[in-house]
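Worksheet for the structure shown next.
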């Protein structure tokens, strides 16, 4: 089973710029994360964009939805900033719900490059969910699985929460 | 959904003993791994034993099988040394196949305490598989899911491989 | 020999705020850094402030100089942001040059909490220099020792450089 | 000022062999450690051997002493297992005391590859001491500086201690 991973940036791929002390994106760390996890799956990584999800414009959202639509893979994992992850999931659902594709969005609360990060855990989790789930649009964070239309980011808790049980 | 995690040791929990330069077990690092992954699941950790799986005697294997049998949880993840992980899975299957329990064994190739470890990835993966799989005995390593009777450890590659496709 | 360490913040102590994705200060990581280095020296840590050195106002600089002056220790290490580290060293020198005190300022290019950081190396270095140097004001970064009046930060290289050999 | 670093192995360079679960040596991690510390010094690394210091035979000790003697550098840092570090320092002193060379032996209690290691701190420390010390043979561990003939390894504490104050 082949899995497509789309990188869009988000906290997952943020780095520390030692020249000016800011956070920035240089490249996706997905290959490094997969190697660390000794991932034995047949995955193909494609970087669609590298940005904070709050900075994504309509054209970026369109690129993401369109990439899902045009992908020849039926199993897709997307790394995405958590702030607008749910919105992107809904946009994707609008176009792809009912298709043969299983799409799981995931992210991280702490950048992978910052030592004690949840990125490795979340990617292991998302890659596992995507293998077993029937077609649909899902979000996976910190071990939990959400339907795309049944979660929201709680900004105060800093985590995704279920809307209803 | 509640998940029981049984710790048995294995590479996952090995540490470096700085007094004599050997590898040893002090305690399970599962709470630390779950915290790092910001795991939001309702899990209960129980340490059954802490040993290299090559050192497990029949009585230890019995303890493991019996703990699965007596557990009141229907979802169980077991951290286990990879060397005899498949044997243990078969022993568990002999007693529990056909029950209502979903049991996933996992482990690590590099100890969690040794920085660049696959433990976090594997635990994220196992905790996700166990949520979706129907009752049965499974092994999950490095993103891959195996039926308990369809894998073996390839000692030269240092990884689990499928017996037949 | 007792050594006083003054924490002022800087990149050394920056952390990632997972609620809003910004960098911030919560507390100094000096105790953790010393424990990691298994530091066997008799050191006393005091947090004077926790800020980016570009944000230090005259009153903060005064606090730093005054703390050096009032300290009962003759060996002082200061962790400091690299951007205005040289300026602070000069202010300290103006008041304390000629005193019995040996003062070494150091910092980090990557925050200690961000895994692959130079903080541990720099602190080991500064704590060693301060033990052997005769009274004076010095800066130590990345293994190099500078006189307070013979270095500047090269913003393009992102490192301290010697003014003249 | 140029500094020669001789690698001999020891805990500093130990790695985890995931094929058989043992500890072994593959190569020195000194280049990686120096890069992590963003070390700006002019150092030259030479691997003399890679072994547990308890496994060093007379011929290995001879190689070490001879390499110090033949080195064209006046500043030498040696990474060495802590178990026989003091013995090696004494052998070196027998041949080189009175020469123009400053030699500092250092090591680690936890392997560099095992995440939370003291290797980075110790190397930063040794490279700083060697720059300032007058010719002689010294040992530096965990921030402390010892004369070669005034320390011993306390096996129970797992650290170097001073013989007399």
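In order of appearance the chains are A, B, C and D, and numbering begins at 1 in each one.
Following the convention adopted for this analysis, contacts are C-beta pairs under 8 Å (C-beta built on N, C-alpha and C of every residue); 3 or more make two chains touch, one makes a residue touch a chain.
Just so it is clear, the model here is predicted, and its values are computed rather than measured.
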Reference chain A; chain at largest CA-centroid distance: D
Averaged-CA centre spacing for the pair chain D and chain C, given as whole angstrom: 26
Whole-Å gap separating chain B and chain C, where each centre is the average of the chain's CA atoms: 45
CA centroid of chain A to CA centroid of chain C, Å: 39
Set of chain D residues in contact with two or more other chains: 109, 116
Pairwise chain contacts under the document criterion: A-B, A-C, B-D, C-D
Touching residues (chain side chain B, partner chain A) in the complex: 33, 36-41, 109, 116-118, 120-129, 131-133, 140-145, 159
Chain B partner contacts - residues on chain D that touch it in the complex: 11, 14, 16, 18-19, 21, 23, 52, 83, 109-111, 113-116, 155-156, 158
